[in-house]
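Each chain carries a letter (A, B, C, D and E) given by its place in the written order, and its residues are counted from 1.
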C-alpha cells in the first residue's frame, strides 16, 4: 500500500509521497483540502484504520476491496462514494477499479496499481494560478471523473480504426477469415467497455439530479458535461456495434455471392462436358458390330454434333443469365 | 475568423460583414436585436474576448471549439446554449458543428466554415414587412434551428432513392454484388445521420417542456413543430433501416434460391450421365474374354438400356419435383 | 377547392354542397353546430380567408397544406387541431392526409380529394332521432376519427390474407420465389401503415389525458375506445411482422433442407460411380503388357469387385444416415 | 341466449338455469349478490333490455357483441367492465371472448358458448362454509379472472412439451424438416396467446393501482396474485420464444455442418479420382505412335504413379484437416 | 417437515434442531429475535398451525406451497413476504424455491429440502461479537437474501468458462458440432437463470423505495448493495447472451468460409480435368477413319495442347483470385 497526499487550498501546495498513516491527521488539519491517493490494497488493517479516520462506511470499503463491481455513485451522508472502472487504452481492456470518497475537505482515491492517467490533473493542481487550487474537493473529484471517462475515447477510436481495417479487407473481397475474427474480437471489446460505462450513465445522472450534497451547485454544469460524454460514449458503442453487425452481414453476403459464382462455373463446365464425355465414351466401346465406326464421315459428324450440343448449352445458359 | 452582424428590431436593419471585434459593443447598443455569425475558430483569443463581452459560459465555449460533440440544449442562466450538427446534403454526411447562444437581445452563432443553408432565413429577415423583424432573437433562433433540421430531409430523400435503386436491382435478380455494397453504404449513412439527429429529440423536448426562460411562450407552437420534424426524421431513419434489412434478407433469400436452382441442374445432369459413362466405360475395357462384345445385338441393346436408365431417372426427378 | 357544409343542432339539418366562401358566416350564425368539409387545396388565398374567419392558427394551416406530416393532435387554445393519415384499402397504401379543426360549434375538415369513407357518418348525422344531432362537434370529430382508424382494419385483413397465402405456398414446398417477394411486399406495406398509425397512439392518449378542453368529459369513453383500436392495430402490425419474419426463416430453412437433400443425392451418385469409372478406365488402357487382360476370369472378377465396392459404399452411407 | 343465475349472500344459495329475463328484477331484490351468466348473443334486443335493467354502458355492450377485442378493464362509474380472452387448452388457441360487469351486488358475465372452465368456481360458491359466499361480487369476479388466467398455464405447458419434442428431434440430427414446421407452428401459437395475454398486464395493473372503486381493498392482495400470474405468463412466452429461436439457429447450424461434411466427402473423392481417371484416359487413346505402350514396365509404373498421386493428395487433405 | 430454530438478541444464542411445533410460542417469548427454518412442506396442517401462530397471510402461504412462482416481495401489513429462487451451482440450474416471512422479532424461512448455502450466515450469527447478534431480523433477512443472490455468481462463472471453451474450440476451427450444442445448452441455462433473477430486480428496488416498514432505514445501504448485485447479474446475463450470439455467428461464418474453400478446390480440380478427360476420350474412340491417330507427332501435340489448356485455366483462376 502506497499513500500519496496532496494538500491545497490554504495558500501553498503540500505534495508528499509514501506518507505514513500516522501523518494523515496532521496533514488533514494543516490543509483546507486534502487528496489522499491509495495504490494497492495489500494491507486490509491499514485500510480500515484510514476508513475510521475519515468515517468511511464499511460497505463502501468492502466494495473498494471487492474487485469487479459495477460503476456507481452512493451517498453515505457524511461522504459521497464513487466507484469507476478505468480503461487500459493499450489493450482496449477495462483494467482497474477506481474508487473515490468525497467529503468535506477531503478526497480519498483507491487504485489497484499506481495509475497514471491523472498526470494532467496533478499538473493543473500544481498550477498556483489555476482554477483547481481555488475550488474544493468536489471540483477535483469532477476532474478525476472526467479524466477516467475521457480515457475511453482513445480506446474507442482504436476500435474504430480496427473496424475500418476490417471493412477495407472485406470490401477488397479477400478470404475475410481474419476480418471475421477481428470483428469478433472488436465486438467482445465493445461489450466489455460498454458494460463498464453503462452504469456510469445512471450514476452521473444521479449526480445531476442533485441527490448528493457534497457536490456544490457550481459544479453542476461540469457534471452535465461528464454525463454528456458518457452518453456520447454509449451512443458510439451502439453505433460501432451496428456497424460491426452490418459488416458481418456484408461479409456473409459477399462470401455467399462468391460461392454462388464458383458453383456456377463448376456447373457450366460440368454440364457442358459431362454429356460430351459420355458421347466419346460410347464410340470408345469395343463392340464388334458398331456400324458407325466403319463409315468415314461419322468421326467428323460426331465432332460437329458435339460442338452443336456445347453451343446449345451455352445458348441456354445465356438465356438463364448464368453467363 | 470572420464576423458578420445583422441588427434589427429598432426600425431599420443593419447588416455588416467582416465586423471588427471592437465594433460589437456599439452595434449591441444601437440595435434591439443583434445576430452575430462567427465563421472559423482560428483565433481563440478573439473568441474569448467575444465570450466575455456577452458573458458566455466557459464550458459552452469549450464545447463550441471541441468538434464532434452531441447536439444539446443547455441553460446557463443568462443565456441559452444550443449545439447542432448540420448535414451536407451533397454527400449525405454530417458535416459541421453549429452552435447558438441565445440571450436577451442577442444571438451568436458559430460555424466552422461560412455556411449557407441560412440564405432563406437572411432573406426573410431583410423583409421589412415580415414576421421576423417584429419578433425577438428567440424566433430567429427557432428559424435557424428549423433550417438545420429541415436540411436533413433532402439528405434522407437521396438515401431513399438509393434504397429504391437497390430494390430494383435486387428484384431484377442480377448478381446483386453492387446492390449489397450500396445497401451497406446507405446503412452507414443512416447510422451517422441518426446519431446526429437522435440527441435533438431530447434537446427539443427539453425546450418544449419550457425549461428555458429565453424562449417565450409564443414560440412554443413553433418549437413543437421543430420537435415534430425531428421525431419524423427519426421514424424515417428507423423505417429506412428496416427496409434495408428486409432488402438484404430478400437478396440473400434470392441468392440462395438461385444457388439451389443451379445445384439442381448440376445434380440432374451429373446423376443422369455419371452412371451412363460408367456403362460405356465397361464396354471400352480391353479384356480378351468379353463375350458381349461379339454378339451383334448387344450394342443396340446397351444403347436402349442406357436410354431406359436415363428415362427412369428423369421420371424419378419428376416425382421428387426437381424438374 | 370544393366546400360542403352540414349544419345541425338547432332543430333541422342544413346540408349544402359547393358553398361559396361568402355564405359561411351566415351558416355559422344559423346553426348551432357546423361541419365544413374542404376538398382540394388549390386556392391558398381562399384557405387563408377561411382560416381567418375561424381564427385558425397559421402553423396548423401550414401543416394542412404540407403533405407527408405525422399524425398529431395539437391544442391551439381557441381550437383543437387533429391531423390524420387515411388508408386506401384497395392498394393497402396510406393515401391522403386528413385534417380536422374542432372548436366551439364548428368542425372544419380538410381532404386532398373528395373522400368517401365518411358516408356512414353523414348517414348517421342525417338521422333526426340519432345521437349525433343531439351532441356537439366533438362527438362528430370522434366519429370521423373512429371512421379513419377503423378503415385500417380491412387493409390489415388483406395483408393477413396475403401472409396466409405465402404461408400455404411455402409449406407446400414449391420454389417459393414468389412467396419471398410477396413477403417482402407485405413487409413494406406493414411498415408504411405502421408509420402512419404509430403517432396516433401518442395523439389519442394525449386526448385521453384530457389535455384538450374542446372534447367534453362525456366523450372520454368514446376516445378511450378509439385509443384501444389504435393500440390493437399496432399490436396486429407487430404480430404480422413477427409472422412474416418467422415465415421467411421457415422458408430459408426449408430451402436449405432441400439443398442439403439434393447435395446428398449428387454426392452418393458421384461417390459410387467415380471410383468405378476409374477402374474400368484402367482396363481400357492400351498397354501391350497387361497380363490381366488375357486371363478369361478377370472380366467377371472385375465386375464382381466393382459390385462389391458399390455395396460397401452403400453400406457406409447407410451407417452415416445419408440414405 | 341462455341465462343462468346464482344468488348468494343472504343466507341461502339460489341457483337457477334458463331464467327468463322477466324474473331478473325479482332475483336481484331477493339476493344480496347475484351472478348472471349469459351464454350466446343471439338476441340483441334481450341483451339491451338486460343492459338497461343494470344501467350498463352502451359502448361496453358494443364491445361485448363485437368479437376480437383486446382484453381490458374499464371503469364506467356505476360499474366495472372487464373483457378477457379465454384459451382453448385442447388446441392451444385463443377461443372465446369473456366479458364481466361488476357492480354493487351484481356480476354479469357474457360468453359466446356455454363455457365450462368455471366449474371449480361454481363448486366453491356452493360450499356454504367457503369464503366465497361470505364475500361480495368483487371476490367472485376475481375468482373468474383467476380461472381464465390460470387456464393459460396448461396451454403453455403443452407448447413447452412440443418445444422439447422438437429439441429432441433436432439434437438427434434427423432431417429436421418436421421439427422446423413444428417450431413454426409453436411460434404462431405463442404469438396468438401472447397477443391475448399482453393487454391483461396493463388491465390488471390498472386494477392494482386502485383506479376502480368496485374492487374493495381486501381484494387487493388477490388481484396482485392475478397480476403476478399474468406477468409470469408473459415471461414464459418470452422465454419460449427465445428457446424456439435458439432451436432454429441450432438446427440451421447443424444442417450447415452436415452439408459441409457431405461436401467434403464429395470433394475428396472427386479430387482424388478425377486426375487418375484423366491419366488412364491418356493411355486409352488410340494413337499409333505412343512409345510408352510398348514398354513392358510402363503399365506397373503408371499404377504405382497413380497410387503415389492418391497418397500425396490424402496427405495434403490430412494437413488441411479435411480428413 | 423439519423445524430448526435460532433465537438471539437477548444475550445468549439459542440453537435447536427438530423443534416440535408446540415449543415455538415458548421460544418466541424467550428470544428477542427468532429465526425459524422450515425444510420440507409435507404436512400442510402443521404449516397452517405455524401460519396462525405468526398471523401469516393465507395467500402468501399458498405461494410458499405452490412451486414455480416468480421471485417477489410483498407487504402484508404485519409482516413482509419475500419469495426467491435458489440456484444449484453444480448443475447451473434454478433449483429450490425459498420463502421468507419477516416480522417484528421473527424470521420464518421455508425451503423444499434442507439447504446449506446459509452455512456462512449461521456461522456469523453464532459469533457473539459479530454485527448480526446486535441487529434485528431485518438484517438477518438481508444476509439470507444476499447469500441467495451471491450464489448465482459462481453459477454464472461456470457458464462463462463453458463459453470460453466453446470460443477456443470454434477459433481452433474444428468441426464445431459439439461447440454449437454446448452454446445452445449455455443459452438455455442463461435463460432459466435470468428468468429466476429478473423479477428480483423489481423486488429489491421495491424494498429500496422504502415501501416496506419492516426493513429499518439503517438496512437501506445493505439492500442497495443487494440490488446492485442483482443488476450486475442481469448485465452479465445480457453480456453472456450477446457473446454466445456472436460466437454462433463467428462459427457460422467460419463454417461458411471453409465450405467456400472446399468448393473452390473441387471446382478448380474439376474445371481443369473435365475438359482434358473429354479430349483424351475423343482420341480413345474407335472410328476407322481418324487421320490424327496415324500421324506420329499428334500424340505429343495433344499432350502439349492439354498442358496449355491446364496452364491457361490456372492463369484464369489466378486472375479471379481463386488460387
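FYI, contacts are C-beta pairs under 8 Å (C-beta built on N, C-alpha and C of every residue); 3 or more make two chains touch, one makes a residue touch a chain.
Since the structure is predicted, the reported quantities are computational estimates derived from the model, not experimental observations.
Per-chain Cα centroids separate chain A from chain E by 24 Å.
In this assembly, the C-alpha centroid of chain A lies 39 Å from the C-alpha centroid of chain C. Listed for chain A are residues 252, 256, 259, 263, 266, 270, 274, 277, 281, 284-286, 290, each touching two or more other chains.
Chain-to-chain contact here is organised cyclically: the chains close a single ring, every chain touching exactly two others. Listing the chains around the ring, anchored at chain A and oriented toward chain E, produces A, E, D, C, B. By the touch rule above, chain E contacts chain A in their complex via residues 171, 221-222, 224-225, 228, 231-232, 235, 239, 242-243, 246-247, 249-250, 252-254, 256-257, 259-261, 263-264, 266-267, 270-271, 274-275, 277-278, 281-282, 284-290, 321-322.
Across the interface of their complex, chain C is touched by residues 57, 59, 63, 69-70, 72, 74, 76, 173, 175-177, 180-181, 184, 187-188, 191, 195, 198-199, 248, 251-252, 255-256, 258-259, 262-263, 265-266, 269-270, 273-274, 276-277, 280-281, 283-286, 290, 292-294, 296, 298-299, 302-303 of chain D.
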